[in-house]
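Per-chain numbering from 1; labels A, B and C assigned in written order.
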Amino acid sequence: MTSAGIVISELTVGYGGPPVLDQVGLRVRPGGTTAVLGPSGSGKTTLLRALAGFVRPTGGRIEVDGKVLTSGQTMIAPERRGIGYVRQDGALFPHLDVTGNVLFGLPRAERRRATQVAPLLELVGLSPDLARRRPDQLSGGQQQRVALARALAREPAVVLLDEPFSSLDTALRAATREATLTALAERGATTILVTHDQAEALSFADQVAVMFDGKFVQIGSPADVYGSPATPQVGSFLGDTMLLPGQGAGPIVDCELGTLTLAEPATGDVLVMIRPEQLVLEEPSTALTARVVSVAYHGPDAIVRLSLSNSTSRLVARVPGHRVPQPDDLVGLAVPHAVLAFPSHRRPADGTEGAPTGPDWRNGRVGTASAGSDS
Amino acid sequence: MPAFSNVPVRYDEPLADAPAIAGRRTARTPRLVVIAAVVVAAVLVAPLIVVFGQAMSAGTAEASRLLLRPRTVELLRNTLLLVAITVPVTVLLGCGAAWLVERTSIPYVGIWRGLLLMPLAIPAFVSSYAWTSVLPSVQGLGGAVFITALAYYPFVFLPVAALLRALDQDQLDSARSLGSSGWDTVRRVVLPQLRPAIAGGALLVALHLLAEFGVLQMMRYPTFTTSILQQFAVGFSNAAGSLLAAVLAVLCLGFLAVEILFRGKSRIARLGPGTRRRPVAHRLGAWTVPAILGLAVLVALAVMVPAAIVARWLARAVATQAVDVGPLLAATGSSVGLAVLAGLVTTVAALPGAWLLHRYPSRAAVVLERVTYISSALPGVVIGLALVTLAVQWARPVYQTAALAVAAYSILFLPRAMVSWRSGLAAAPTELIEASRSLGVSGSATFARVVLPLVLPSALTGFVLTFLATVTELTATLLLAPTGTETLATAFWSASDELDYVASAPYAAGMIALSVPLTVLLRRQILDQR
Amino acid sequence: MRRRTFLTGLGALGTATLVGCGSKSEDKYVADPGALQVYSSQHENLTKAWAEAFTKETGIKVQIRKGGDSSMGHQIVAEGAESPADVFLTENSPAMTLVERNQLLAPLEDATRNQVPAHLTPSSKAWTAIAARSTVLVYNPAKLPATDLPKSLMNLAGPDWKDRWGCAPGGADFQAIVAGMLAGQGEQKTKDWLKGLKSNARALQNNIATMKSVNAGEIPCGVIYHYYWYRDQVGTKEGSGNTKLHYFRNRDPGAFVSLSGGAVLAGAKKPAEARKFLQYITSKAGQKVLVDSQSMEYAVGVGVPSAPELPPLATLQAPPVDPFTLNSDQVATLMTDAGIL
């Protein structure tokens, strides 16, 4: 079977112990952009290195535009893959100036002419004046863009980006990301971006693949994986969530927030997943009343922490910045839209799903709202 | 880029999700490189096999008679004591001088850098003769430590200075901001990064001390090596000498293991974008004058006194018209020819092993690298005679040709190149090699276009260090060089053997004159920046 | 760019050297197949003087390979029958005996042997003396009045000589002296004497260092070979100006005369020329070259007087020792057991 784009099937990589990548499959459409999202240590970088040809998989198959790169004994050398690879640190050659770096992968004659440098620099949003600078005379963002220009110079069909923006500060990061997206779109390259930043993944890609422990747990559009995560873990990893115990009864569920509509029917013990922006604050006239514990104001919006009067559960709501309550205010709560419910044995504490154990998982995103702990 | 690694950010933890070492190992080890490394190691081990064979021929009775006696304990103690004192002294001198020159506000940095490397240009036996001629009390353990420490501290100074110069100020600042004091920063941030450099330098010093003969003989300080030479001089069979040499080889194995432990597993390379900041010089203030005095004394003791005495001999030689220019030029020519060849061959020969260890670290690679050090710890005459045996039996056509002499130099001096390569290759981290491959450049082209330019200063260092050693090498030259070849070292030896220090002066001066410009080249190693 | 320039330069230098070596190879960098190969651990000046005079006389080219006694002896043994050497000249006899024991020497011609007095030739008749040197005690009269001089070398092992003398026990020169003592005095006395040496004597690097130590007054006296002292006396007197020589005479072990040896190798490629060479250097003309060379060694040829500065060899009353029977193995063992080596 041949097909355009990247096709990875049953890819396994191990170094002796438990596999770092375990029977991974992924398809990226030609010209598409896929973000591989996952906590540190989940195998993301190994996936890229296997694609680029730096890691010899123990099993599986990699095809790009119908050409088999890795399969059984076949292992195409990195330089013959036509895959651009941009690392987290840029990895510019310190002994070459910007021009030397950008043109590095081109044939000698083209390197001599050096005509492509200016367009390539412009493509990644850099001034051609930088052409004679040495890497140590560039800022981090500039180095990163030069690295991208270098990878794009050979017009690769596939570009792999390994957390290329993670070491840049916020402003630089947004600008570099923008420049990168534009450049990649212009070249129509098929792109895989590895990141552990969910906002980056959601905004950058047309497909998000979530990896935990060397396996993809969900692959889908950004809206899909955010709005309909396959598991509570995926949901928590992609954004703040509250998980409340509830009783499913077909299309509805009963929980501390009352009876809510389900996006998909469920029965029995479930965990109800609610994102902070799904919780709407109203006048304290409704059946469900909560007290404001604290408010973190962000400008466009605010994070409001709430406690229910008859429960120890803590809730979090994201509200528009122009309607922010004060601490100790009493407010009414509503969940106007459908919510997700997961069979409750899938709670992270059971560990049956092999929940990721990275620091992100433990400390941040789940903890913000792990409600319903009192029963 | 300085060869002794660049902008050193140390990271012991894996790069990302794959264990760094394992990740690198999965790349297929290139067969040609492995074959080259194995061939080099085999050539270096061959003389050792001969030596061990001869040692075995002594038989157990003779062996136990020779080894289980008080004298052996005395020699062992002397040898270890010398190493145990001299190595730390060279580390202190080398690191101290490097710190003053590279990290403080001391004036005339360029001049100091050159002067501090200059002892490499003065053969240790010349400086020991010079010192004993003005100060006869320079002898025994004290004298031996004095002469050898002054002669060998540049082996530590060179890599440490290069590393200190390349140190990232941001790192030091962040250490300070994390609440560690100045000294604490040195201990916890700077020293760990210096460890591989110090370890490599100290290993070279220790190997030299094991093999040192001329200086110790003059200092009347008996060690294993002086005893081996006496056994060869007096005994009819070389079994006894070979037996002691075998003990020396075992001792060397111990040092090699200690070096591995001390070096640690750290990998030093720059990671992360962002411009590295030049280190901020520590203001010496009132300490400027004492610091200058300290360096001046070091240079005076190590360089000026021996140079002045050689100059005095030379002046007398010129005055008495004892300088015969023809032979002097001929000897200089042979010395340069052999030393250039030895430098090139040794530097190239060390590369496969160093490369394997850098790119495809494994136990086998460590073994391949380590065995190349052992031969250099043995006295030249032991290796030389073993090579005579080997060449006469297996390689008769090259016997007493320049080729065999060059091979002998490579065997004796390979560690100098190996240590240089190892620190230099840190400047060409795997990330850059992978970046090049992913840009469509093949492995060998990557080596030529990325690795070689980055490690050139260390290749140059390896070349120069081997060249310097070859110029002053005597025993192997006498045994293996083509008949009729006169080098500066053999001419110096003949003349001084004739009790004629005036006649020997031009040759000593020739060796120094040849070495000084090359020593200056070594400054590149420190200076070269990305 | 600088880097590239440098690389190119280095490559060019290497190539130039290679080419240089190649072009010189006829005369310089390989053994000359037309020349007689002489391995010599004798002093270089003397060897060269002999070679030049011989070439002048016979037209036979000579190429000299120089080295030290022991390493050169071991080298020839390692080379075995394949040795490129035609002739071997030594400074002391033990290195020659080493080669002889390995059956690598050709028998000596009578014509050559008869040019040297019989008592200066080993009983094996495989090699001949080409020069001789006498053991002496160099002393500093300021530290050791002539009246206190020891009567015998053996006395120096006594407790009253503790830290008062020096020698170079690690060299081939001294080893010959001990071998002579062993031959004349027997094992026990030699053993005891070596024990005394270990506790009394300062071990120095070589004869010159010993002489200089005495000259500087660091030790009152030292055991050396005579010619080091005479050479320095003829020259600058820098290393011997404050010293005098004491000859033990009386067939004392301290009067031992060591022989420099010459022999033709069994595997010589040019045996005829080699025999001619050996015959020449032991002839009157050859021995005259030795005397004129300022080497200050004793001539051994019949009827050739040594340098006028030296007391005649016959007056030294050396102990009679057959150089062939000098048991170097046992000497090495004894010195090793005494903890000197």
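Convention: a contact is a pair of C-beta atoms (placed from the backbone, for glycine too) under 8 Å apart; a residue touches a chain by one contact, two chains touch by 3 or more.
Chain identities (UniProt): A = ABC-type quaternary amine transporter; B = Iron ABC transporter permease; C = Iron ABC transporter substrate-binding protein.
All of these numbers come straight from a predicted model, not from anything done at the bench.
K.L.:
Taking each chain's centre as the average of its Cα atoms, which is closest to the average over all protein Cα atoms shown?
P.N.:
Central chain: B.
K.L.:
With centres defined by CA atoms only, which chain is the most remote from chain C?
P.N.:
Checked the centroid distances; the maximum from chain C is A.
K.L.:
Using mean C-alpha positions as chain centres, tell me how far chain A is from chain C in Å, no decimals.
P.N.:
Taking the mean C-alpha position of each chain, the two centres sit 84 Å apart.
K.L.:
How many angstrom lie between the centres of chain A and chain B (Iron ABC transporter permease), each centre taken as the mean Cα position?
P.N.:
51
K.L.:
Compute the distance, rounded to whole Å, between the mean C-alpha positions of chain B (Iron ABC transporter permease) and chain C.
P.N.:
That pair's centroid distance is 35 Å.
K.L.:
At least two other chains touched by the same residue of chain B (Iron ABC transporter permease): list those residues.
P.N.:
Where chain B (Iron ABC transporter permease) meets two or more other chains at a single residue, that happens at 453.
K.L.:
Spell out the residues on chain A that touch chain B (Iron ABC transporter permease) in their complex, using ranges where they run on.
P.N.:
These residues of chain A touch chain B (Iron ABC transporter permease): 15-16, 20, 40-46, 49, 52-56, 75, 77-85, 87-91, 93-95, 104-105, 134-141, 143-144, 147, 150-151, 153-154, 162-163, 167-168.
K.L.:
Within the complex, which stretch of chain C touches chain B (Iron ABC transporter permease)?
P.N.:
Residues in contact with chain B (Iron ABC transporter permease): 3, 6-7, 10, 13-14, 17-18, 20-21, 27-32, 37, 43-45, 63-72, 74-75, 78-80, 82, 84, 94, 97-98, 101, 169-172, 175, 202-205, 208-209, 213, 216, 218, 228, 231-232, 235, 239, 328-329, 331-332, 335-337, 339-341.
K.L.:
Quick one: in the complex, what on chain B (Iron ABC transporter permease) touches chain C?
P.N.:
Answer in residue numbers: 65-66, 69-71, 74, 136, 217-218, 220, 222, 226-227, 229-238, 240, 333-334, 336-337, 340-341, 344, 381, 384-385, 388-389, 392, 396, 399-402, 453, 456, 460, 463, 475, 478-479, 482-485, 490, 494, 497-500.
K.L.:
Can you list the chain B (Iron ABC transporter permease) residues touching chain A in their complex?
P.N.:
Per the stated touch rule, the residues are 1, 6, 15-19, 22-23, 26-28, 271-276, 431-432, 434-443, 446, 449-450, 453-454, 530.
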